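The first chain written gets the first letter, and so on, giving A, B and C; residue counts start at 1 in each chain.
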Amino acid sequence: MVNTKTKLNKQDAQNLAGLWEEDTVERRLDEPQLKVDVNGYEGPLDLLLDLARRQKVDLAKISILALAEQYLVFIEEARKLRIELAADYLVMAAWLAYLKSRLLLPPEQEDEEEMSGEEMAALLAFRLKRLEAMRDAGTRLINRNRLGRDFFARGDPEPIVIEQHREYTASLYDLLTAYASQRQRLSVSHVTIAKREVWSLQEAREILIRLLGNFSEWTALDSFLLSYLPDGSQRNTALASSFAATLELVKEGKLKVRQEAAFAPLFLKSTKTRESGTIATEG
Amino acid sequence: MGNSNEAQILAFDPSGSGDREQKELREHLRMVEAIVFASSDPVSVRALEERLPEGVELEPLMRELQQAYSGRGINLVRVGNNWAFRTADDLGFLLQREAVENKKLSRAALEVLAIVAYHQPVTRAEIEEIRGVSISRGTLDVLMETGWVKMRGRRRTPGRPVTYGSTEEFLDQFGLEEIGDLPGLEELKGAGLLRSQMPANFMIPEPHDADELNEDEDPLTTDDLEELGLLPPSGE
Amino acid sequence: MGNSNEAQILAFDPSGSGDREQKELREHLRMVEAIVFASSDPVSVRALEERLPEGVELEPLMRELQQAYSGRGINLVRVGNNWAFRTADDLGFLLQREAVENKKLSRAALEVLAIVAYHQPVTRAEIEEIRGVSISRGTLDVLMETGWVKMRGRRRTPGRPVTYGSTEEFLDQFGLEEIGDLPGLEELKGAGLLRSQMPANFMIPEPHDADELNEDEDPLTTDDLEELGLLPPSGE
């Protein structure tokens, strides 16, 4: 079981009281031993940040390895409890599992091109720091003196139009809102969305790029990704679509793949320059 | 009037070496100044007194403030038993000169405008088809008046309906470099303006506003313009 | 500080025996004071310049006026490229009855707002990269509705994604003179936390909301393209 503390500490909670809409799922300070629950987290980075905060150390000094382990335990618990997790969380788990292996095992072969485990950990630490910084910035922003709350404009302005001589005003936002909502109104409205049975690995890869930036270095991930995929028959379709998607990306010149031997991990790397269709698969 | 003393108060000199009384006076002046400024109506003497520390006499305070603003661009004026700031009489011309009323476009007009922008060249009947309702008289007139919509030509179909399109001023108003900068389907979804699940056949056209007429468009002739009431009849 | 001379200007002493130059200065001060005071929204530099006699430099006037109002109940503040009168920060307690209900932002929306402000111009994909999740529908929508976030242009990269930035209303709302005054901006920059990409040799983009666009952005405001012969080829 994993202990989950509330996401906001008391101080934050006080600062923020009344300043923004409360999250729909609010965990309270007095909540005892909490089950694994990803409700209320804004994605895997948020969850990682929360786990990191519980180490109660500066983010700069945090052990990424320990953090990865905690995250993986968290995900394992969730899976045991059959809690459905969004793809983002699973893909992050796969990447952290990969990272963990890179941090623990000495590099098998010297590969100049491949990012070292330490570099990958630094990348993650950077992203966590950046996210936390933005979060703090948001808090500082919202706590500033605000127009209409702490300082005020003239209450009784005198009729004066100084800007353009235009008689009519409208913003781009007004225009787009009007267009989108009226087009939407008339479009067939009863669309039922079938619950997706499986997410393709291409999708997973897109999530991954969002989570971790581009694969600027050779990255072996597929095997880790697979172990976090939903079980059963879905895995086969995922595997198939994964491979197809990968080849597709290679064909488009967006990705390079490399494999040391048959059944060995598939290494991926994004092509920054336009070397279209460089396929380096062996075996 | 004691000029030296007055000037000091008027400037609210923050480094003022004045004694405590002076400082308090300055503080009270600041308070009433802010209250009258922020209020949407002239502020009653009672309301002012309520917000000042107890025992502060309002009358001399207001006279002091009024004095400070006399001769300036704005004056503190008494309206019955209330106080308000007003532009100095002699500067009224600054405010009147271009007192054009800024109107907001109606929702319907915005919708039609957007359809013209995205679907141009488009006829009135086509706009109505897209909207699913008829356009009330005057909506297109208003849009033409804004200068954002223009008549482009006539569709070479029965009835020769007029086609509408957007103008340069339209781009200017909405901060677009070219009409193709209007966001497409994916971007409208991305900005949260459209549901992410839309029917597969749902399309948003890629707008273009080339001056060049479509194949099925005829240019507007002088006769057309007269007929549409856009030109004074020429042949008298 | 030359108290005597300065105080005289600040007080707009109507009986002032100053020379002609002084009188003119006083008159110009009255004019800009009246215009800015009359409006509840910030007034643009351009609009002010249009109202002044030709050749009058605005900047020193505004500084003078700002100085005259410092320490008072109302202050003259700069908001981007505009000027406005606002009540002094410390007097908010007096004005609670004027307070308007502020729209409350969700935690996610606040985070996105901060990212847009500090990282602008920024695309949706970049925001998602920083947060590690996709932006839920309606978040950007809500922010644009508040008027604090706007679409700026399109990034000149494949797909030409729309870039987002903050508005002047954003500055006004949070009492910022310019985007460079965002709290902690320098620190964040120094710590490299405003980088959008990890590799250390990447340039650190400085957030800016100026209308002038980044090198990799397409300009939004049009010069007269027609005049420059840059319009799409016309009919013949």
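Here, a contact is a pair of C-beta atoms (placed from the backbone, for glycine too) under 8 Å apart; a residue touches a chain by one contact, two chains touch by 3 or more.
Predicted, not measured: the structure shown is a model, and the values here were computed from it.
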| item | value |
| --- | --- |
| Centre-most chain [mean C-alpha coordinates] | C |
| Between A-C and A-B, the pair joined by more C-beta contacts | A-C |
| Reference chain B; chain at largest CA-centroid distance | A |
| Averaged-CA centre spacing for the pair chain C and chain B, given as whole angstrom | 17 |
| Approximate Å spacing (C-alpha centroids) for the pair chain A, chain B | 40 |
| Between chain A and chain C, centroid-to-centroid distance (C-alpha), Å | 32 |
| For chain C, residues that touch 2 or more chains besides their own | 35, 37-38, 51, 85, 87-88, 91, 95, 98, 144, 151 |
| Residues of chain A engaged with two or more neighbouring chains | 152-155, 158, 160, 162-163, 171-172, 177 |
| Touching residues on chain B, where the partner in the complex is chain A | 34, 37-42, 84-87, 94-95, 98-105, 107, 110-111, 113-115, 117-118, 130-132, 142, 145-146, 173-176, 182-183, 188, 191, 193-195, 197-199, 202, 204 |
| Chain C-facing residues of chain A, complex | 19-21, 23, 42-46, 88, 92, 123, 126-127, 129-131, 133-142, 144-155, 157-158, 160, 162-163, 171-173, 177, 210-211, 213, 216 |
| Residues on chain C engaged by chain B in the complex (per definition of touch) | 3, 6-8, 10-14, 29-35, 37-38, 51, 68, 70-74, 85, 87-88, 91, 94-95, 98, 124, 135, 137-142, 144, 151, 153-154, 161-162, 218-222, 225-226, 231-235 |
| For the chain B and chain C complex, residues of the former touching the latter | 3, 6-8, 10-14, 29-35, 37-40, 51, 68, 70-74, 85, 87-88, 91, 94-95, 97, 168, 171-172, 175-177, 181, 183, 187, 189-193, 195-196, 208, 210-213 |
| Chain A residues within the chain B interface of the complex | 152-156, 158-163, 165-172, 174-188, 191, 193 |
